[in-house]
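Got some structures for you, see below.
Here subunit A shows up in two complexes: once beside subunit B, once beside subunit C.
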Partner chain A sequence: MNWKIPAALLVVALAYPLVFRGNFAINFGVLVLFFALIGQAWNIAGGFGGQLSFGHAVFFGTGAYCSTILQLKLGWSPWSGLAASAGAGALVGALIAALSFRFGLRGSYFALITLAFAEAFRILTNALEFTGGGVGLLLPLKRSALNFQFAERIGFYYTILALTAISIGIAIWLQRSRFGARLAAIRENEDAARALGIDTFREKVKVMALSGALCALGGTFYAQYYLYIDPAVVFGVDKSVEMLLVSMIGGTGTVYGPLIGSLLLTLVGEYTRAITDAQGLSLIIYGSLLILIIGFLPNGLVDLFKLRWRRKARA
Partner chain B sequence: MLEVRGLSKIFGGLRAVDSASLDVAEGTIAGLIGPNGAGKTTLFAALTGFLAPDEGSVRFRGEDITGRPPHLICRHGMVRTFQVTQPFAHLSVRENIMVGAYLHTPERALASARAEAIARQVGMADLLERTAAGLTVAGRKRLELARALATQPKLLLLDEVMAGLNPPEIDELIPVIQGIRSSGVTVFLIEHVMQAVMSLAENVYVLSYGKIIAQGAPRQPAADPVVIEAYLGHGAAQRIAATAHA
Partner chain C sequence: MDATILGAAVINGLLLGGSYALVAVGLTLIYGVLHIINFAHGSMLMLAMYGAYFLLMKAKIDPYAAIPLMVAAMFAAGYVLYRGLIGRFSHGKDENILLITLGLSIVLENVALFFFKGDSQTVTVSYSDRMVALGPALVPLPKLVSFVASLVLCAALAWFIARTDTGRAIRAVAKERHGARLVGIDVEKIFAVSYGIGIACLGAAACLLIPSFYVSPSVGHLFVIVAFTIVVLGGMGSFIGALVGSLIIGLTESLSGLFLGEALGQIGISLIFILILLFRPTGIFSK
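Right after this comes the complex of A and B.
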């Protein structure tokens, strides 16, 4: 195992806010890590496990609402809320997986059912009173680290760095563990996996629970960072697409794909908005770039690195 | 070791397997032959839990395993290979075999070592780091065998591992299968390549239209008029007998 890459990345990430102190730079770092986290959450189920979901927002929103409601109604600390939301995300993940896989849904049918669940959750939170309905929920401003509301953005930066590091650590573990090998087997050929003694139902439920838990952590972080959530944003299709996009652009089923994808997409997203005022132009650039990458690097940006390694190896 | 009694699998109006009964004794190599579409693969699928039998029972190592899911049957010691090879295409040969080896150990190093040992046993030690998708037909067949062996089965069900191989490749594989049996694994194989059946199996069952129509030492069913007719059509046995006399 080569520990140099993760160690170097960690050093760079730890040093980044100390070198680039501006609010814009730190906010940029937070966004990159945030999308890398939820992209990795998607990647663990979709990339490693081969269970393509189109509705991961259901876990994201569950996390965001879980910790927020616990704070507002029961006065929980958001840090306990963070743990609770991971539990809730895992539970929802296991539940959706158990229902879908019990009835043998695979491939695009599974993708559609996850989308349906996300939409159902969005509509429910929109209609129910204790979730604040369509108006959403506003967290009162109480700046303190104990309250998961840092006076300095750098506090958020290191929090999301820790969460993202955990998600990448899990991805590294998946590459090297029996659970990961079983997921790869299921992704590649489910019948062969069953023949070799793998309880495919159980493993798929497990990976969805894991993915749901990580995604819910992202949801809680989002709620604490923006202090406001509403159903359309946290359960919306946009969130689901953002997650699978960073993963696909970077490279699905790889450890660093979501991070690379998030870095590029956040760069493009933030800077096209910064350099031009023309309405919609940033979206046009963003969209064209996506087409180019998917057209020329269908396995994601990690292929660029692999090509270089291969050339080096040959030379 | 394996006792099958009155096993049937029905698809609509078709009895794909029709009250088949058979026994596989421990430490032997048994064969299952029969014309195309006789129901051989369906029978294997019903034995290993991929299809739920509609009638009858399967006893394996003293336990009734009828209708259990495949992964539990595999854990109990019976594993099958697929006629149409089902490799984990994007994984390396080593990773493919490790999936099987992980059944009995969570340790990566141990699973990897077992994969290497098994690759040597089936003659693909040089191919360990190759991606499964890049293997030849012969390579894929061996990989099927290797993965199944890695689960440390008591009974190995081989579904046409020789099909699609050329004669030298078949000659190479026959001692491999004999070696598996000598290592204490009972083998039950579906085979069209008669050369393989004749040199490997001690006991052969013949399946036709879902029914077991003959059984015995390999040469015995091959001379059985019922079997000849099943393969070559009605009246074939008589014509062969006539030309033999003439």
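Right after this comes the complex of A and C.
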């Protein structure tokens, strides 16, 4: 395999905050990597595994609430909370998957049930007392690296870089491993995959657990970065849609699609915020991009790059 | 539990179910024929509600009088959207249609947010506050009207599908699209017509809802998940199922709100949705 692309990307990402030192630039980098992480989490289930989910916010919110509650109620360090939330995300992913796939839900029906689970979690956290209800939870400000609250934004940058690098590493592994090959078989034709002797139920539960764990990591990072979470945001349909958009626009089932999608969407988001106060403009562009990409570039923006490479190779 | 409070909750739940039915019948028609989940249903309803709102505010047309106009306009919008966008861009894949209608709903909602801002608008017509005594409950007249209208709408659609030539063609396409093509039915046109009719129902729904409901760019969210639940519950493609499903969901919402409280009460609908998807994804009326 070609190690040049990931190595070059890593060097660029490591050097970025040293070159662009301003708060705005570093925040921009954090956002790109953050959306690339949760987009990749979605992509691992939705792209590599072929399980279209409309409710990935259920894992994101689980991660955000798990580490925050462990800190507030049990005094855990947010770093142990990060590990715990990955476990919680994997568990919720495996449970939802086991339940849905045991009952044979596929395609659009699976998309609907993930949406229903995210809604159920949103309503529960909104109604229960120990999750802070609709008011949400506020993390006390205690700036220190040990407390996952860096005094300098650059600390957040390198943390999210590490998490995103892990997610991309997992995507690369999925492209090369037997597990990834089994997933591809399931995605292309589930019945044929079963006929080949693949335990499709097991593989699908595994990929949902993996995706849920990664997504929960994003949730904990979000909670530590903003120090405030509430049910409507972390379990909301909008979060699920953001992950899906990043991945669909960049290219589903590809290693770098979510990163490309995230870079483009963050650029559009920051640019429209700079030129207008009116709400909604960036989302109008995202929605139109989604439609155009499904219409003309079914494999996402990644295809644009591939076309150029192919043309070069031919020349 | 006081019998009057319970009775009032039941009546309110049924009336609420009537409003949901207005939104769900169109969705079930679209699902039954095209086998697609129209994620843009809520935002198309929002669009229609703004239409009815501006007809009242700018042209002084009463919402009930605007029904024929809005039905025609929404049919045209649905037909054109399917022909020009959804059918053309989806390459015939169901999951693509789901994603395109999602993209469409993001665009529509945010265009509305861009132009109308996030505030919710309410309208007052002379009959907005008129109350009618119905057993133990006092109910607003517009809610009663929309309940009766939802019954009429379901009956009209069922008649149209059962008795007219277009209805027969729609049923043929829903059952066996390749066979329908072989006997000379223009399948793509029937898809667009069905999508148009499903969206046209929202034109009527918007006019009936607006005297007793607010309108805002995100108003569709309130109906989308509920409408999906109803359509799955009643069996995708069944009008009677959609009507019965709506009443069940309206009752569930009202009663779980009464017993579990405002915040936790909403869980009832999500639970029904999850359980029906798991145990009976073809709906309660399937064999």
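The criterion applied here is as follows: the second predicted complex is superposed on the first by the 295 of 315 C-alpha atoms of A that agree within 3 Å, B and C clash if a C-alpha of one lies under 4 Å from a C-alpha of the other, contacts with A are read in each partner's own complex, and residues count from 1 in each chain.
Everything that follows uses one rule, which is that a contact is a pair of C-beta atoms (placed from the backbone, for glycine too) under 8 Å apart; a residue touches a chain by one contact, two chains touch by 3 or more.
Owing to the predicted nature of the structure, the values given are computational and were not obtained by experimental measurement.
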**Message:** Quick check for you: in the superposed arrangement, does A:Y109 touch first (subunit B), second (subunit C), both or neither?
**Reply:** second
Look at A:D199 in the shared chain and tell me whether it touches subunit B only, subunit C only, both, or neither; answer first, second, both or neither. first
Report task. Examine A:R178 and indicate which partner it touches, taking first as subunit B and second as subunit C; both and neither are also allowed. Result -> first
**Asked** Taking the superposition as given, does A:D191 touch the first partner, subunit B, the second, subunit C, both, or neither?
**Response** first
Fill in: Which superposed partner A:E129 touches (first subunit B, second subunit C, both, neither)
neither
Return first, second, both or neither, reflecting whether A:D277 touches subunit B, subunit C, both chains, or no partner chain. neither
Of subunit B and subunit C, the partner touching more residues of subunit A is C
Task = Give one of first, second, both or neither to describe whether A:L52 is in contact with subunit B, with subunit C, with both, or with none.
result = second
Seen from subunit A, its contact residues with subunit B in the complex are 176-178, 181-182, 184-185, 188-189, 191-200
Subunit C contacts subunit A in the complex at 36-37, 85, 88-91, 94-96, 98-100, 102-107, 109-114, 117-118, 217, 221, 225, 228-229, 232, 261, 263-264, 266-267, 270-271, 273-274, 277-279, 281
Listed in rising order, the residues of subunit A that touch subunit C in the complex are 52, 99-100, 103, 105, 107-109, 111-113, 115-117, 119-120, 123-124, 126-128, 133-134, 237, 241, 244, 248, 278-281, 283-284, 286-291, 294-295, 298
The residues of subunit B that touch subunit A in their complex are 48, 50, 69-71, 74-75, 79-82, 86-91, 95, 98-100, 102-103, 106, 108, 111, 147-148, 150-151
